[in-house]
Amino acid sequence: MSAAEAAVKLVTPTPEKEIERVKEWINTEEYKEKNFARTALVINPAHACQPLGAQMVATSFEGSLPFVHGSQGCASYFRSTFSRHYREPAAATCDAMTEDGAVFGGQNNLFEGLENAYALYKPKMMPVYTTCMPEVIGDDLTAFIKNAKQKGHVPEELPIPYANTPSFNGTHIHGYDAMLKSILEDLTRDQGVEGKCTGKLNIIPGFDGNVGNLREYKRICDLMEIPYTMLADASDIFDSGCDGEYKLYAGGTKLEDAAESINGKATISLQKFSTVNTMKFIETEYTGEKAVLPMPFGVRKTDAFILKLAELFDKPVPEELKKERALAVDAMTDAHQYLHGKKFAVFGDPDYVVGIISFLLEMGARPYHVLVSRATKKVKKELESLLESSTFGEGCTVYINKDLWHMRSLLVTDPVDGMIGDTHGKWAARDAGIPLFRVGFPIIDRVNLHRSPVVGYTGAINLLTMIANKFLDIKDETCEDQWFEMMR
Amino acid sequence: MAERKPIKGITKERTEKLIADTLAEMPEKAAKKRAPHLGANEPTSAKCAVKSNKKVVPGVMSQRGCAYAGAKGVVWGPIRDMVHVSHGPVGCGVYSWGTRRNLMQGIPGVTSFPMDFTSDFQERDIVYGGDPKLEKLLDEANELFPLAKGFSVLSECPVGLIGDDINAVTKKKEKEFDKLVVPCNCEGFRGVSQSLGHHISNDSIRDFIIGKFEFAEEPGPYDVALIGDYNIGGDVWAAKPILEEIGLNVKSVWTGDGEVEKIAATHTVKLNLIHCYRSMNYMCKVMEEKYGIPWLEYNFFGPTKIEESLRAIGELFDDKIRKNVEKVIKKYRKEMDEVIAEYKPRLDGKTAMLFVGGLRPRHTVGAYEDLGILITGAGYEFAHQDDYDRTQPEMAKDTLIYDDVSEFELEKFVEELKPDLVGSGIKEKYVFQKAGIPFRQMHSWDYSGPYHGYEGFKVFARDIDMAINSPTWGLVESPF
Amino acid sequence: MSAAEAAVKLVTPTPEKEIERVKEWINTEEYKEKNFARTALVINPAHACQPLGAQMVATSFEGSLPFVHGSQGCASYFRSTFSRHYREPAAATCDAMTEDGAVFGGQNNLFEGLENAYALYKPKMMPVYTTCMPEVIGDDLTAFIKNAKQKGHVPEELPIPYANTPSFNGTHIHGYDAMLKSILEDLTRDQGVEGKCTGKLNIIPGFDGNVGNLREYKRICDLMEIPYTMLADASDIFDSGCDGEYKLYAGGTKLEDAAESINGKATISLQKFSTVNTMKFIETEYTGEKAVLPMPFGVRKTDAFILKLAELFDKPVPEELKKERALAVDAMTDAHQYLHGKKFAVFGDPDYVVGIISFLLEMGARPYHVLVSRATKKVKKELESLLESSTFGEGCTVYINKDLWHMRSLLVTDPVDGMIGDTHGKWAARDAGIPLFRVGFPIIDRVNLHRSPVVGYTGAINLLTMIANKFLDIKDETCEDQWFEMMR
Amino acid sequence: MAERKPIKGITKERTEKLIADTLAEMPEKAAKKRAPHLGANEPTSAKCAVKSNKKVVPGVMSQRGCAYAGAKGVVWGPIRDMVHVSHGPVGCGVYSWGTRRNLMQGIPGVTSFPMDFTSDFQERDIVYGGDPKLEKLLDEANELFPLAKGFSVLSECPVGLIGDDINAVTKKKEKEFDKLVVPCNCEGFRGVSQSLGHHISNDSIRDFIIGKFEFAEEPGPYDVALIGDYNIGGDVWAAKPILEEIGLNVKSVWTGDGEVEKIAATHTVKLNLIHCYRSMNYMCKVMEEKYGIPWLEYNFFGPTKIEESLRAIGELFDDKIRKNVEKVIKKYRKEMDEVIAEYKPRLDGKTAMLFVGGLRPRHTVGAYEDLGILITGAGYEFAHQDDYDRTQPEMAKDTLIYDDVSEFELEKFVEELKPDLVGSGIKEKYVFQKAGIPFRQMHSWDYSGPYHGYEGFKVFARDIDMAINSPTWGLVESPF
């Protein structure tokens, strides 16, 4: 036993001097270089795994029960993560594979799991997605699900789309993409009717933890009198009221609407990177026009979204939206001095980061350290060209496949005024002594931020208010008496 | 300890009918599997009839986690001066990063590591194996965190499936670093719950840590170790001072705010005091066999149990300690009476249902009762027979006992028993709050705490009162 | 010359010890008693003067140009105050009375002022309100205005309602009341038609610096499909967009609508104390039902408002509002632990204070020090009975005719967790080391808060979010490393 | 100083036509009154043709304030160690509380008083007179603020109308307290603008303060006073160090961050240096006559003017000071060149129009020009003939000069001249920003500052660039 091998040592506390030395050392350029030299160890990653994203989609359809094929622990982690972020229930079940599953495969677990889940929770659909385990042992879900229906564990007609979502590949946004594609494939199979057009817009929000954003998209469509189907609509599911009755299925995209979406007048995805394969599928299978737009952060990207809607549906831009635009611009001109020239560190999912950068540049702020923790060169190029589009992007740097421990080194060696990202950034922000503006997913240490949109003209005002007023709080709280003032 | 008075309205018939009605809505096979896990309490029977520690029934929406969760989240994570590597894909480490509230002292990134270290497996690591990456990342960790007292490697599912040999790697690195480098094969697919993760971790500690260090100072007659307190919301910081106040010498804590060298030297203490029996009884038994260290279970929830426990501890020491015990009890009694005087009038006669991990449902009963709250139902996510045996005497006759209860079942039970409070986890919280039922997370103390010790009871009482008596519940019913 | 009388002294700095002593002394109970013994000196009052409130009304009608009869300096102060709060233009003119005015009265100034203002700014109405000066010398505005029209300085038909708004009497809310009553008297004169009913609701927001509140009232009426006229609608005037063109008259209540309001189906005032005389007038002159409701802060007062609307117009409560209610309750149950038992100091105008107290009590928070800086015993009784309505009001105290220097003594001798009021509270809050939650008027040191409603279900969520998240910010920013956590 | 180059596009014809067109839209009588206040600049004429310091034309929406504003807001408020009582109704004190940004050192409520003290007149005070209340409140203030070095009583309109005798009260209290208690009859209805408030306040200082104190230390050859710097946004703290750096001894500051005893002892200095000529030239003249103290106007906006001013100041002293002056100029020149190098490329050739109080339009021209910005129009709220005479040489030929400009007029002017920036006050700010025109508040430095001295120029340059080049202006035009 290895304990025997080694000689017994004495418990020895680390000398204070040594602690002081290292405490300073981790804030140095030298440390930063060692830190950036890492090739194997990942510390404080800013991304999660595929099945989490798959569950976001799987839960976003009416009467749909997400079903995890794999270890039960994964399912519990996903559910907890959503519940902490939204402060809402997050139903999902699983087939609890264990050792024997590893040996004989997970088919029996799947059979039993589907049967029980269907009997207990009476779902209209059970999207299945996988954890590492079945992916490693190579379960054949096509066959399994076919067999489950043949053997009568679940009705033939029950939609059971599935997605392979190995955690050792991509991030949660790719799981989102895979699951959404699979659900749409399943629900729209044989629904396409030559020449038929529902006249509706299909709108895909992408992986977005902010239900306020989803509602903002819908509100804008309503204002423009454009009939729509939001594909994977989590808003009512993850932001449901408290009226004394728990509803397992609190909303989501109607399955009929999803099925009919194939005959839509147009389809818009508002997240490029989280819907790549879904949009490939839609491109080939769906009727109508297709457009992939950036999330409408800030004024110009919102303009673009609205103009695209107007163009696709030949609708005028309503007075209401013109007024909202003017109000947003008014707020931005009035408050520009509180953000102008300020440096920010930004991290998160690529589509979010694109949006946040656009907003900052519009305000004359500098997205100084931009970090996406798993991304392709393509993402990097897009972010860099966005920065190059404005003088306020000069001297700003994009980092991909880096984590929040890298970010920490950036913040302490090349300081900024604030950081924008999800709750996971709070440790780095604290060490750097700067505020963290919580935008993204997950936010598990503040309330209601997921309800307040960051997109659209409203979102621009919300972001501006959050950032400007926090800077003013800091000024009032940290200034000496002689600089404390009534007006700011 | 006297048997509880029966609770008004709780009868064997009602409880068994409730169970039967619930099972009736399940597929036969599932019902058959679940039936043994549900029962009416028999405080006096030798053995609890409720079965436990069995596989989750697929599809029923269990609240259970996995072995990795039990190992990383519960046992290892709280050891503050080690770098704990979540070895495998990115997810497990991210989801368990900072979500258990095992607080720790130290300077983050310097002397403590409340961070997420992972090998973030990619396809190639699955195909070619993760050992080379593991070796590399340990080198990187050792360079970037020179003051880390050691490293733990916690395997996630793929590692065990692709035939990696992490033990070989850790053994090699331990030599190289001349620091503890500990393997823990806690793949999530192993066993039926977090519980096996505890056991596997205990074994790793047994095999790779315990006995490797000794305390510089001479052993003393009052040296004890505090086992199975994970410092959730600061519990250890509220419990340890009490033991010190009665004159004991707490040499190490397992593992809340823990220091690995002290843990490794625990074999020299005179007594192991264990709070969470479920997750660490293995180690106590090991140290008892191997080093002849006796161990004692204690309960620091609520004044009644604290006093019982202190006296029991005193019995294992001399008069000096026993005197101190009575002094301490006397000293805090007044404070505790004030707390009870403030909150009990608002809580007396209320009922609560509990569903937590492997210890708290039975351990917190006394604290609720100190406030006048009756427990009408209790169960565990991952407890074993011995836990249930310890539970039944703490519960009133015919109250509902449920093991690994599914969301479906718990909803039915709560609907019928209409408790004034449900104490369980984050996944259950909002389900019941939507129904207008006050709820407290009893894994994480709902972002509050500590709940252990005298300090903890003040917080516990305040929180339970806040949950049950928040005026916001009165807003749930709409006039339209 | 008095300089001669006194012997010349030496410049002598105050000894440090003396400074230390007084610095501590002003935080003592002893000082508090001396402070509360004041009968003549007012320090840091939390109220302004009547004409400011009058201007708020005078500007809130379509094409209406506020006209100050008195010293020009007053007009500039009012305009600056509004511009700082709203970050918007605040047009108002005046007749610039000076010494000779003091001697001969202000009639000539009024003549010339009205003539010039009408010619330059082409208003549809010029409400006149007074500063101290003409009030002291006793100008007869009825006669002056009659003469101005007879002499042709302004057209006969131009509405020139006026209000006597002496600054040495009441506060800005009484000026609001006086001006509104006078405008309605003027515009509705001879408009009442026996048996006629427009079917519309007249809704009076009262003196409210939050345009988001006004918009929230209108949104709720729209959702309930109740046609309405908001009397004195400042929303578009003090929250207008930036589109490259300055509009002197950016909105406001249409004069025809105001005139027709006398034939309305019902009239609701949402501020009891700022509309006493206006509602007396309406009570006697207007058709339809009348109701005075508290500002709909929190869930229950919003319920009451909506139920009253439903009852008056025999309308069902729409699903949308039911859903909003449930969402607000959900947010409040989810976050109750962050406010429960927390102590607050609250100050402001009586109607606002009533609302804030209600919200706090609903959250289980304690409105511990409640201060209204000029108020009657009636106000005090109402506030006290509101506190008595909840166990969370136990031990809380109401102070009237006290100022923010009294409040400072309360905060330093009997501390609370936070303070709710307008920007003027920031000095006391700083000395007490607690956060100030900016609600009320004026807010001149933060951006956009006047756009974010604090009434209605939306307002409840907004208040909750602002308060809970600030407490969490403070925790994260002030805790030691060992208490710093990912989740809150 | 050489005459400015004419500005492209600015001609006498255009300017006069613009004025004529604007006047044409006014009623005849008003136009007749306003005409003399508007004109095209004649840099070289002996006297500026534009008339000033006349009554506001009723109804035109002037931006002017009142005598009280000039007294309380401008002159008295900045004296940090006095309690300034706004004597009369509540409003005046509230509106002027903390809204001018005259920053001060000290401990608020202990040694400094950035607060609102008022007698909050009620009906009865009007009827029975306010003197008794004044006496009482001074007692209360003296008790609650024992470290206050004195009290000023600033009358509001009613006080002068009801025949109160505040002078009698203050005289009595001054004896009683053995502290300065100063009356100031600055009722808002007096005079035509803030300006009379300055004058009245200067007279009060002359009559009740100056000469009442002397410095403990011996007078020195380099003793100077800094007159007419109100420390807006910290201006004094950026200006005073420069004077000290050239070897002068700044004994007192009028009145920014001012201390009343030092102000009272100013009659012993060797030179008065005055920044805001408009508001304090009276005092300089008084001290010149009465105590033979020479005075010099200087300008600390922008390096060009700072250097000119420092050399002019040096001329009044010996070689030592003159050497220091050159040292200081050399020392900061590089920094200033860097600032200019950073911002001028983005600002060169832009135009601005100014409308501020009584000094800044002419005083800031140099700073704008240091950045390459041309001033196409300028005017004052409350300036006098001597101010306009000092203005015309600073402006290019035929640029627009406007006195007490009304909102109506200024809109027309800006519409025609289309400047890249308007610098004026809070009441004008949003009018022009709605029109998409960059704007900076030039009374309050728009919540920024300091703008004086070398430090100030850095901030000024940054702010002007920010205002003109903010990308938000590019959003104003909508695509739909």
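General observations
Chains: A, B, C and D, in written order; residue numbering restarts at 1 for each.
Definition applied: contacts are C-beta pairs under 8 Å (C-beta built on N, C-alpha and C of every residue); 3 or more make two chains touch, one makes a residue touch a chain.
Only a predicted model underlies this, so the values are computations on that prediction, with no experimental measurement involved.
For chain A, the chain with the farthest CA centroid is D. Per-chain Cα centroids separate chain B from chain D by 69 Å. Put simply, the C-alpha centre of chain A and that of chain B have 31 angstrom between them.
Taking each chain's centre as the average of its CA atoms, chain B and chain C sit 53 Å apart. The multi-chain contact residues of chain C, meaning those touching 2 or more other chains, are 84, 87, 240, 242-243, 322, 325-326, 329-330, 333-334, 424, 427, 444, 484-488. Contact of a single residue of chain D with at least two other chains is seen at positions 97, 99, 107-108, 430, 433-434, 476, 478.
Contact topology of the protein chains: irregular, matching none of line, ring, star or complete.
Considering their complex, residues 25-27, 29-30, 55-69, 85, 88-97, 99, 107-111, 114-123, 125-126, 133-134, 136-137, 140-141, 143-144, 146-147, 156-158, 160-162, 171, 174, 188-192, 194, 207-216, 259, 261-262, 264-265, 406-408, 411, 425-427, 429-436, 476-478 of chain D touch chain C. Here chain A touches chain C in the complex through residues 84, 87, 239-243, 322-323, 325-327, 329-331, 333-335, 338, 423-424, 426-427, 430, 444-449, 451-452, 461, 464-465, 468-469, 472-473, 476, 484-488, going by the rule given at the top.
Residues 1-3, 6, 8-12, 14, 18-19, 22-23, 26, 31, 34-35, 38-45, 47-49, 51-52, 67, 70-74, 76-81, 83-84, 87-99, 101-102, 109-110, 112-121, 131-133, 136-137, 166-169, 171, 240, 242-247, 405, 408, 424, 427, 431, 444 of chain C are the ones that touch chain D when the two sit in their complex.
Considering their complex, residues 299-300, 303, 306-307, 310, 317, 322, 325-326, 329-330, 332-334, 336-337, 340-341, 361-364, 390, 392, 481-488 of chain C touch chain B. Contact residues on chain D toward chain A in their complex (touch as defined above): 97-99, 101, 103-108, 112, 234, 257, 430, 433-434, 444, 446-448, 462-463, 466-467, 469-473, 475-476, 478-480.
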